[in-house]
Each structure stands twice: as C-alpha cells, then as structure tokens.
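Chain naming follows the written order as A, B, C and D, and within any one chain the residues start at number 1.
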Amino acid sequence: MDTICIFITGGTFDKTYDEIRGSLTFKDTHLPEMLKLGRSRVEVSIRTLMMIDSLEMTEADRALVVHSCAQCSHSRIVITHGTDTMVETAAALARGVIGKTIVLTGAMIPYAFGSSDGLFNLGSALSFAQVLPAGVYIAMNGQHFSWDRVRKDRDTGVFEATS
Amino acid sequence: MDTICIFITGGTFDKTYDEIRGSLTFKDTHLPEMLKLGRSRVEVSIRTLMMIDSLEMTEADRALVVHSCAQCSHSRIVITHGTDTMVETAAALARGVIGKTIVLTGAMIPYAFGSSDGLFNLGSALSFAQVLPAGVYIAMNGQHFSWDRVRKDRDTGVFEATS
Amino acid sequence: MDTICIFITGGTFDKTYDEIRGSLTFKDTHLPEMLKLGRSRVEVSIRTLMMIDSLEMTEADRALVVHSCAQCSHSRIVITHGTDTMVETAAALARGVIGKTIVLTGAMIPYAFGSSDGLFNLGSALSFAQVLPAGVYIAMNGQHFSWDRVRKDRDTGVFEATS
Amino acid sequence: MDTICIFITGGTFDKTYDEIRGSLTFKDTHLPEMLKLGRSRVEVSIRTLMMIDSLEMTEADRALVVHSCAQCSHSRIVITHGTDTMVETAAALARGVIGKTIVLTGAMIPYAFGSSDGLFNLGSALSFAQVLPAGVYIAMNGQHFSWDRVRKDRDTGVFEATS
C-alpha cells in the first residue's frame, strides 16, 4: 500500500476552545489523535502547513498548499481544510498539480466538541484517496465530488454537485 | 448517485450497556444516529437483519445475509458485522452473490462508548462501496481488503493482508 | 426533600457551536439534558432568565436575577452563570436576598464540547445547595466559597479564596 | 480546606471495554482523569483498594475498606463503589468507623462510555463530603442518604429513601 500524504491547513476540523479567553482558537492539530481513535492502519505522512480559518487563507497560503502537493514524493494526498474556501483551493490545485489523487476534506463541527463529523469525513477521505484515479476531489458528507462540479450551500452547510 | 443498501447484523458496532444488569447487550442499531452525526448525504436504504455477536452467527444467519444481498435491488452494499467471523461471512458472500460491490465493516469499540472507531470505519466503508468494482471486501482500519486476502489477528484485533 | 429552584443565565455552560456561521452562540439550555445524563433525582424547578455571556450582563439583568431569587417560593437556589462576573452577581444577591441558600456555578468549557467541567460542577452545586446554611456561595472546581471571600484568577481560570 | 481521602473499589464507575475479548473488564481507575476533567481543586489523596464488581466483594474485601477508612489520617472520605452492594458496605462502615464523614458513590454507566453519570456523582459526593457532619452516607442521583435509610431499587437502578 502506498503512503498517503496528509497536509493540515486548519479549518473547523481543528478548532479548539480557549477556556481562558472563552473563544474558539487553533492550537495543535487533532489528526494523529483521530487516526488513533479510528484505529487507522493506513501508512501516512502528516505535515501541518498552516492552522487557520479558511476565510483568512491568502493567495500566498494557497500557493504553499499547491507547492507542497506538487513537491510531495507520494501520489495520493489528503488535505484537511476549512469548508468556506475549500472549492477555491481545489481549483488552485487542479491548475497547479498534475497526475496525483488529491482529496480535500473538513468538518462542520470541531472534532474537539466530541460530536464531530470530522472522524466520519476523515475515514471517507482516506478511503477515496486510496482508490480514486488522479484528480482533485472534495470529500464531504460521505460523498466525493470532482473539484469543478461542486459548491457549498452556505445556508445549509452542505456540499452539493453542480450541473 | 446510486442508493447504497446497508444491512445491519450487530457486532461490537452496536453493543450497548444495560445499566440495570450491568452488562453488554444489543438494543436498537446506532446506524441512523451515526449517519446523522457524520452529516452523511449518501442515499441509503437501511435494514436490520439480525442483532447478534458474530461468534453466535449460524449458517442459517449467514444464508440470510447472502440471500438479502442477492435480492437487494441495489448493486452497492455495506454490511455492519462483528469482527470475529467477518471473514467467514465475506467468503459466503463471494460464493453466493455475483456482480455487486459488497463492503463489510465493523468496530473494535462500541459506538455507544463515545470513543469508537465505528464512525471512522462507517465513513470509510461507505466511500469504498461507492467506488470499488464488483467484489466482496472488508473495510477496517481505514483500509480495504479483498475477501480472500485478509485475516483478523486475534491478538491485536487488527485486520491484515494475507499473502 | 425540598425542591431546588434552578435559574439559568447562560455563560460558557450553555455555549453551543453554530455550524453555519462557525462561531460560538447560545440556543437552548443544556440543563435538562445534563440532569438526565447525571440521573439526577433532585426535585427541581428550572427557569431560564436570560442566555448571555456574563461580560454582557447589565445592572438590569442582575436586578432580574436578584428579583427572581427573592420572589421564588423555594429557599434553596442554584444559578448557572458565566464565570467572568459571577462574583459581582453573587455580591448583588447577598445585598438583595435574605434567608436563602443560593449557589452560583458555571463552567470553563461548554457542555456541548463533550468534555466539560459543567456536569461535575452541576453535581457539586446541587449538592452544596441542599446542605449549606442560608447565604450566597460560588461552587466551582469542586469547592464552595462564600460570596465575599472569592475571586476568579483570570490567568488560570480558577476560583480561589481571598483572605 | 481539609484533604479528602478517596478510596477506589471498582464498580461500574471504572468498568472499561476490552477490545480484544469484546467484554467489560477493569484496568486502571479513571478517577484522576475525571477530577482533571472536572477541573477539581479539592485536595485529595487517592488510593485504589481493589478493582472489582461489587457483587463479588467478600467479607475480607469489606473489612479492608473499613480498616482503610479507620486508619486514614483524614476525617472526610469518599469511596467509589459498585451500586449493587453499596448499602452493605455502608452498613459495615457505620459499625466499624466512628467520627468521620464517609460518602459512598458510584455510577450506573461506566465513565469510559462517555455518557456517564459518574462525573455528576463524583462532583456531588466530593461536595457532600466537605459539608456533612460525621456519619456514613450514600450519594447517588444528586441526593444523599444516611446509610440506614436507603435502598437501591433493582428494577429502576435508582437509590431511594426507606421510611
């Protein structure tokens, strides 16, 4: 089995609660803990690129994501990402990376809240990344979408296919 | 997107704690609750075939699973199953059902324990079921195995490829 | 056993995550769910006075809390409250209500995060309210403090006795 | 504030799931983790006396509990205990220990299940132990009972006062 490269960029997935300030914040990623909880035996290489809300992702940040995927020595990649601009980053990846299977995923509820869709999505994204042909995909809500045929419905928080 | 047929047979996945007797038991399946928690938008048809420990699964039980998969009007199927005899049921399905993608999955920790690998495995199994070609597979630990090339290591609880 | 009057004012205790906006907010109180989870058999009468961050509590809000405690037909009262101004409200209650046992409590982590100190504090506050003599108290961190001998250490989030 | 002595005897409180055998078992106590989660600042001294189902508690085990409470240098004690024979142990303590405040508590659901009444009961028991006069008590369901005026209703799992 090929190693899967996991790049972390933050997003709701990794939001945590700062109990001194009483607000949401980012500290360390929960990904290794989630893989342990899921008893994952998939060979992965994890690297945190940034830890930000995807609404604050700049073009420079996005270029770093593209560059990291292009440079990575593995051809199967999972990226955890905020849902608000996931489609934009997917488009940038489709323009900048060729011949790799890249799956972006995220969460609507922080994993730290104990009732997250993140664990479900992570199992889903890792699985799609192992079997889909080269291309850029979004894996959310148990489904996968090609990067150029998906949008997030801001009112419901659901990803859906565009015609 | 095709509807996926989900058959429930019990297993650790659905074990619950009987607080009057102080022991593990089966009541209703947690599957709908898990799909809701995962914010799954995959079209599914759920049917509970039995609610048992897979060590107690008889040949008649196994025949019912095979029959249900053969009769089901959909060609993509996920089965939740105890891990102890999952490989035996997979072999029976390979002998009895042709031309369908069948993915068996389970859990090492009951979902009701709040720290289950079940949610991760469910996301994984639903994803593999959508993209793998016809065949019978086991999806555990984030990986998938063809039914005839897998064993459960009873000492570690991990599923691994056989050569 | 006397009925205990529970007044809800919001605070971290009841913060929830708005998955569409990606921010913390207030919806309904989690108190009945928490009492059920704790299998509480204490006779209680629950009333939500407001649902706010205690930093935004005005003098009018505080007057409503005092008035509600004075008017309540029971002599034992628990108040859930944000921790930032809990001491101020306790002082207002000490000035305005006589002859009742009033226990304020709260949480450092929202209950909805699944890893909250709120359930522990609720068990503690309800217990202190049943046995302490008339007076105004703060119950946090498993301890109780008289209203005029406690401060919150803003750096650590811990309540401690003042000399 | 006086140090509270906590004696652990096992019970549902500390049951855990053995994922290799698929059954309930005892390993280490969850008590330190629970106190940390509750952000408890109560000074405690914790000692595990045994780790058993209270239905299997022998007279020798019970004598050890009594002896430990009598010898302990602190006058306020909390004991975690299975609920099935909690009342018997309380009676043995009332006969064997004088002049101390002893509070027994337990849980209907294992803490490891993530939805336990244990955290609520622990907050309650620690609080009662700080303020009740010398005597032997059971703290369950948010209430406290004198050792000689309580029974467990085996059908509902609830502790109730006897007349």
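In this section, a residue touches a chain if its C-beta (ideal position, glycine included) is under 8 Å from a C-beta of that chain, and two chains touch if they have at least 3 such contacts.
Every value quoted in this text rests on a predicted model; they were computed, and no experiment measured them.
Enquirer: Which chain lies the greatest distance away from subunit C when centres are computed from Cα atoms alone?
Expert: It is B.
Enquirer: Please work out the Cα centroid separation of subunit A and subunit B, and write it as a whole number of Å.
Expert: Centre-to-centre distance between subunit A and subunit B: 26 Å.
Enquirer: Nearest whole angstrom, what separates the Cα centre of subunit B from the Cα centre of subunit D?
Expert: 39
Enquirer: So the centre of each chain is just the mean of its C-alpha atoms; given that, what is the distance between subunit A and subunit D in Å?
Expert: The separation of the two C-alpha centroids amounts to 45 Å.
Enquirer: Can you list the subunit C residues in contact with two or more other chains?
Expert: Those would be 108, 114-115, 157.
Enquirer: Considering every pair of chains, which are in touch?
Expert: Here the touching pairs of chains are A-B, A-C, B-D, C-D.
Enquirer: What residues on subunit B touch subunit D, complex-wise?
Expert: Going by the criterion above, the answer is residues 12, 15, 17, 19-20, 22-24, 53, 84, 108-110, 112-115, 154-157.
Enquirer: If you look only at subunit A, which of its residues touch subunit B in the complex?
Expert: Residues 1, 34-35, 37-42, 108, 114-115, 117, 119-128, 130-132, 139-144, 157-160 of subunit A touch subunit B in their complex.
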